Structure formats: C-alpha cells, structure tokens
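The following pair of complexes shares a single chain, chain A, combined with chain B in the former and chain C in the latter.
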Partner chain A sequence: MPMKPKVPGLLKGLGVTFNTMMRTITKGADTVQYPHAKETPPIRARGVIALHEGNCTACMLCARSCPDWCIYIEGHKELAPPRRAGGKPRSVNAIDRFDIDYALCMYCGICVDVCPFDALFWSPEYEYSESHIADLLHDKTKLGEWMLTVPEAPELEAGAQKGK
Partner chain B sequence: MGLVEKGKLPAPLTKLFNLGRSYSMWVYQWGLACCAIEMGAAFASPRYDVMRLGVIPLPASPRQADFVVISGTVTDKMAPAIKRLYEQMPEPKYVISMGSCANCGGPYWDSYSVTKGVDQIIPVDVYVPGCPPRPEALLEGVVLLQQRIKSEDMAAKWRGEGAQPMSRNERHEELSQGHVPPPAGDTPGGMPQRDPIVVGGGPIE
Partner chain C sequence: MSVLAVEVPYWGQSLLRVLGGIVAVLLPAGTIVYVFLFKMMSFMQSRLGPMEAGPYGSMQLFAEVGKWLQKEDLVPDGADKPIFKIAPLIVLGSTFLLVAAIPFGPDAVFTNFSAGVFYALAVSSISVIGILIAGWSSANKYSLLGGLRAAGQLIAYELPLVLAVVGVVIQAGTMNMQGIVVAQNEGSMFGWDGLGNPFVITQFIGFVVFMISVQAELTQVPFDMPVAESELVSGYMTEYSGFRFLTFFIAEFATAGVFSLIASVLFLGGWGIPFAWFGWDGIDDVSNWMNVAGPLILFTKMMLLAFIIMWVRFSYPRLREDQLQTFAWKFLIPLSLANIAVTAILKVAV
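What follows is the complex of A and B.
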C-alpha cells in the first residue's frame, strides 16, 4: 500500500485559516452588530410575559401557581349589566393591580400555561434592563404594552391536538 | 486627579473623559451559575463579540477591571469573596447584576443558603432581568451602563453622591409605593455606614 504524502501540519493549519478568511470576506462575519442590528429571537422565546388585561378575571391561578410568588394581583367585585333583558346583574371581577416582578421571575411559563382565559402571553422581547431594581416590577400598564410585541401564534402542526 | 475630586474639571473635558471611559471598560467576569454560559456567549463568542462595544473581558485581576458582571446564584458562602472582589477594584467601578438569582435571589428566594440579591453586599448599577438573560440582554445592559457613564458627573461620583445601594427595607418600601429615588449620600466616602454582614456566623474579616 503506497504511503500518501503527508501534508505538513503547518500548511494544513494555514489552509484552515485561509478558508475561514475567504468565507468571512465573501459571506461576511457572523457577528450581529447588536445596538444597530438585532437578532430576531425564536418566535417562542421566553423574553417577557405580556398581559391582556381585558381577558384577566383576577382568578389568581397564575399567582398561586407561580413557584417564585412573583405575581401580585389585587381585585374587587363589580356588578355588570345582565346578559339578557330582565336578568339579574352579573358579578364580575375587576383587577386593580397586576404586577410581575421580573427581578424574581424564573421564566418557567407556568402562569402562561395555567391561565384559563388567555390573558398571559409570552413575548420574545428581552431589552428591559434597569438601573433601579424597583423598576423591574412591571405593573399592568407596562405588561399591557408588552402585548404589542407578542407574535402571532404559529400554525399547529398536522395532526396536533386542538385546544379544548 | 485632584481637580476631578473637587469638581473643578471643565465640562467639555469631563465629557471627553466619560466618553473615553465608557468605550474602554475592562470587565471582570464573575460567573457563578448557568448565567455564566450566556455571559460566556456574549463575551467570548464571535456572534455577539462584546469587544465591538469597547468592553475587554480579559483583565488579569479585579485590580485592573472597570466593572464586574455578577452572573448567577450568589450564595452566602460566596458573598465575602464578592465583597472582597468589589473592594479590590479601583474607582470608578461599576457592577452589572445578571439574572434573577443575582438580582434578588430568583428561584432561590426561599433558600437557606442563597444571598437574596447581590445588591445586599455591593451596589449594583444595572440589573439585567432573565433566567438566564439572552446574550443580547447582557449586551443591552452593557449599553445602558455606557449611557450612564457618559452622562455621569464624575465629581459627584468621587464625592460618593452617585447611585447608592438600597437596603432591603428601602427596597420593600419602593416595591410597595412605586419608585422613590434613593436619598442623597449623608455619609461622605461612597458606601453608607451599615452593620457588617454576618455570613456563616461571623462578620467578614
């Protein structure tokens, strides 16, 4: 069996470097120029939790299931007009306060999963660093603003179980 | 730097100094838990490449660092080391707290051994939320810190009138009443007077 001529390691290494250089020159670097250009996170990225206030009934399921107890809800009962004429007025919950402490949140998503009224959504936004830790407590106004960044839910895969 | 301490430096020169400082920051990496993986991605990978921002993640010791990123779970056993690390850094020095654990304990809010936030032992300038934060979130924290440094009054900082660390009681008051700016430093010389932190049964030597 004839011996193949051995390529010296030096040349091999130079070749790798040369290939990388050519790739960088032709295709550009992989670096995302962060403050100017931003990478799009995956659509299901767990960036921040948004609140759709109209759907929330202050049922406290999210606050009770939160492992960190980082959701603060206060609400009161209100009388709403009856659905049909002649009925008695309905009693509905109105939220006074819905705060999520993002300094404490562990981004597990249990609150989003457990919400029976589709009031909580994941948003892939991640840029909300603060200089004061108290500012990381987002109130319902701020959580409502995050709703604008929630992407459309992706199509279900073929054969996926429909929501109940 | 006598002129700086007295606040006699002309404003344009201060601006120039701040600009220079904000784009030449040596960062000491203090990775304690899973956030350190994201910090490594932000500081060492070509995709995020923090050196574009003028942040150099290669100081040999805290004595050469301008700011430190505390990323991960700060345990009570690690707290004295962090305190010493902070005291070793030369002024002006900054701290970025990365992730829920370093911010205020995070998932370990009820643990017997975890410090509930690194701001209990050292003052923190920027809190980066996330569990763990994306590498870009850390980059955003760095950019926020640079903006703060650019608009900083150096004389006030040297007199110790910069951002003061909040005690736990103050933090609770803020959480319950909305944001209240911390009171101006009544004790000269940076850190306010406070009781020594008792960790593991004795004060830090």
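What follows is the complex of A and C.
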C-alpha cells in the first residue's frame, strides 16, 4: 500500500484551529447567545425537582437519603374516613412543610429515585436564580408549581421491562 | 523636521513623539487584544466572544479597563512594598523604550539610532528585571517560582533572538533599523526587483528562530510556564490586582505588538514598499506621503505577524519546563549559529 506523506502534528493542530475559525465565521458558532436565544434542555435534564403533594406521605425517605440534608419535612397524622363502611378510621400522614433548599442541593437525584410514592419528579426548568440566597428555599407551593413543567415520561424502548 | 510640509518647532516635535509613542504602544495592544484574544480565540473555539458591550463587543476592552481601575490596589503584608509597586511599571517601561527604535516612515522615526537593533535587543531584556523583582517582592512561593521560571526562560530565549538577528544584520550590512528597511526595499532577488529583497526569504531560518524566540519572550503559549495557571496560579502576577495587574496585561500585549513591529522591520521590509515600484533610488528619493502610508503598511505587517503569534498560542498545549530549556539550548541556538555561519560565508563568497 502506498504511504501517504504524513502531515506533521504541529501543522495539523494549526489547521484544526484555523478550520474551526473559518467555520464559525461562515456558518456561525456552536454556542447560543443566552439571554437573547435559548436552548431547549433535553427532556431528562436535571433542572429542578418538582413535588406532587398528593402523593407524598411524609415518609422522610427523601430527607434521610439527601447527602446535603437540604430537604425539610414536617407533617402530622390525620384521621381519614374508613375504606369500608363500619371500618376503623384510617390514619394518614399530611405534610405541613416540604422545603428544598436549592442553595444546598447538588442535583444528585437520590430523593427522586428513593421516593416510593412517585411524589418527586425532575423538571428541565433551570431559570430560577435569585438575588437573595434565602429565596432559593422553595416551599411546597413553589415545588408544586414546578409540576406543571414536568414533561411526560418518554415511551419505553421496545423490549424494555416496565418497572414494578 | 517637517511633517507633510509643515514646519514643526522643537517642542511640537517632542509632543508629537510622546503622543506617537503612546499610540504606537497602546493601539497595537488594544487591537491585538480585541481582534485576536477576544474574537479570533473565540472563533477558534466555535463561540462568538464578547458581543454585548458595543457593536460586536468592540467596547469590551474599555469595560475591562474600567473594571480593573475600580479594583482595590492590594499589596501583600510581607511584600517589599516600593519594589512590588514599581515592578509592573518597569515591564511596561521596557515596551515604551523598545518602540523608540522602530522606524515608521522615511521621516517618521522617534530616534534614528545608528545601532538601533542593538539598542532594541538590549532594552527588551529590561522587562526580565521587572518580572524577576515582581516575583521576588510578592512574598509568595508561586510568584517566586514564576519569576524564576520567567527569568530562566527569557535569558534562554534572548540568545537565539539575538543570534537570529545577527544574520539580518550581516546581510543588510548595518545595525540601523532604517538602514535595514532600506536594504530590503532597495534590494533585488537575482536581478528582479518586483518584491525588493525581504529578508524573510533569504533569512527564513533566522525568521523562524526569531518568531519562536519572540513567542517565548512574550511568555505566550506554548512557552507560558512562568504564568502556568494549573501549576503556579498566575506566576509572578499572582499577587497583583487592579491597576497593577492591568499594567502587566497591557505590557504583555503591547510587547507582542512591538515585537511584531520589530520582526516586520527586520524580516518583512518594515514601512517600505519595494522602491522599484515608484522608481525611487534611495531613502532620500522616497515621496513624502510614505510618512502617512508607511505606518499603515507597517501596521498591516504587524497584524500579520501578531496573527501567527496568537494562532500558535491558541493551538498548542504548554511545553514542560525542561523541554523548553532543551529546545532553546540544544536546538535553537546551534541552528541560529549555523545560520550565521552560512550567511557570513555567502555574504563574503557571493
């Protein structure tokens, strides 16, 4: 096989940067000028954690598994009507407080994974910076509002097992 | 002296020279920072760079300068205060001294030194003193290491720089910068004078050695060990803030501009265009309008060389400290010595 003459690596490197420059000038940059234009984050992006309050049982699993201890939960027991007539009234947990401190959160997603009742969801929303650090403590109302931005779960791939 | 047929008194000449010196240092520095550091570097990384301050971010430089001027002028407790404060000014001062030797046109010269090349090379090493005392007086280990590395590097690359110029001096037969420009534009290659005789062709090895040494003298990547940010924070500049850091920053890019100016004078024919184009016979024959066109031509050539310096800077990773020294002492210096020998032999023989 005839050998092609080898281009020295130093020249090759100069060529790479030069070609990138020409491509940027003629075809535009790969980046987006953020405040004027926005990229749509991927559907699974970890932007903010949303709370579906109705599913939460104040079981504290998320708060206990959080590496940063940034989830604060307070709840109390309530009596709910019995399932069947004549039965004993059920005891259910109601949440008084469910706060996530996004100044501490490191977006590991353990709370979302660990929740046995599907009360926590990832949302790709990312624009919630604040000028005061205390405002990064999102209470359950605000966490509930994030539920509106949670996208539908994408279709499973063919052959994938549905989770239990 | 008359500028464009207007007689200027002595105080006027001095004022013009001071203003001209400031423009000749700051204009290339600003242009290099905006065109190359802000824009070309961004394009090479497929991004746009500053876009918000002024059209296409052209006012970004003024925003940065304003920001730096507002910052506190911090001096570390253990520092040698007067020395610490004066160090950046020494570095910038050597740039201003350098520009004095460069001819910008047939009459547009600050000073027509008869040994201009010698003066320029001597003055360019003053910045080593500034950098070394900046590193020492900061009372910081990173600064000290950075300063020592800078001193070692600048001294190692001063040699090939000087030796590369010797070839040009031999060929031109003069150390006068104006004389070197004239020699290139009057000359002819094998009897054909359409291009003059720019030394970049006959002294190509010298040109390459000179540009590599300049890259190292300016401590630009791949020779930026003195400010290697992953090892030494910021080298000798670590403790500087505000106005004094700004002075170092301006000095870095002003020196890049001034060295590009010197390289275009030595190798690309300086302010001149081949004299044969207009039928000029010598320096006295050159038309007066070259005093205006000359600086622009020189500026264009400077931008071309600065483009190469910055292009290399944005493309290559940093060398290791021992590779740097080996490259200077075992490769560049023998190469430039051989270049001198060959040039001298050809000069005598032909």
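Note that the second predicted complex is superposed on the first by the 131 of 164 C-alpha atoms of A that agree within 3 Å, B and C clash if a C-alpha of one lies under 4 Å from a C-alpha of the other, contacts with A are read in each partner's own complex, and residues count from 1 in each chain.
Rule of thumb we're sticking to: a residue touches a chain if its C-beta (ideal position, glycine included) is under 8 Å from a C-beta of that chain, and two chains touch if they have at least 3 such contacts.
Since this is a predicted model, take the numbers as computed values, not measurements.
Asks: Using the superposition described at the top, determine whether chain B or chain C touches more residues of chain A.
Replies: Touched residues of chain A are more numerous for B.
Asks: With both complexes overlaid on chain A, does A:Ala119 touch chain B (first), chain C (second), both or neither?
Replies: neither
Asks: So in the superposed three-chain picture, is A:Asp30 touching just chain B, just chain C, both, or none of them (first/second/both/neither)?
Replies: In the superposed model, A:Asp30 contacts both chain B and chain C.
Asks: For A:Leu14, is the partner it touches chain B (first), chain C (second), both, or none of the two (neither)?
Replies: second
Asks: Please work out whether A:Cys111 is in contact with chain B alone, chain C alone, both, or neither, and reply first, second, both or neither.
Replies: A:Cys111 contacts neither chain B nor chain C.
Asks: Both chain B and chain C contact which residues of chain A?
Replies: Dual-contact residues (chain A): 29-31, 33.
Asks: Of all residues in chain A, which touch chain C in the complex?
Replies: 10, 13-14, 16-18, 20-21, 23-25, 29-31, 33
Asks: State the interface residues of chain B toward chain A in the complex, per the touch definition above.
Replies: Per the touch definition, chain B meets chain A at residues 46-49, 52-53, 100, 103-107, 109, 117, 119, 124-131, 133-134, 136-137, 139-141, 143-144, 148, 163, 166, 171, 174-175, 178-180.
Asks: Per the contact definition, I'd like the list of chain A residues that touch chain B in the complex.
Replies: Where chain A meets chain B, its residues are 29-35, 38-39, 41, 45, 47, 67-69, 101-107, 126-137.
Asks: In their complex, what parts of chain C are in touch with chain A?
Replies: Touch list, chain C to chain A: 40, 42-48, 51, 311-312, 314-316.
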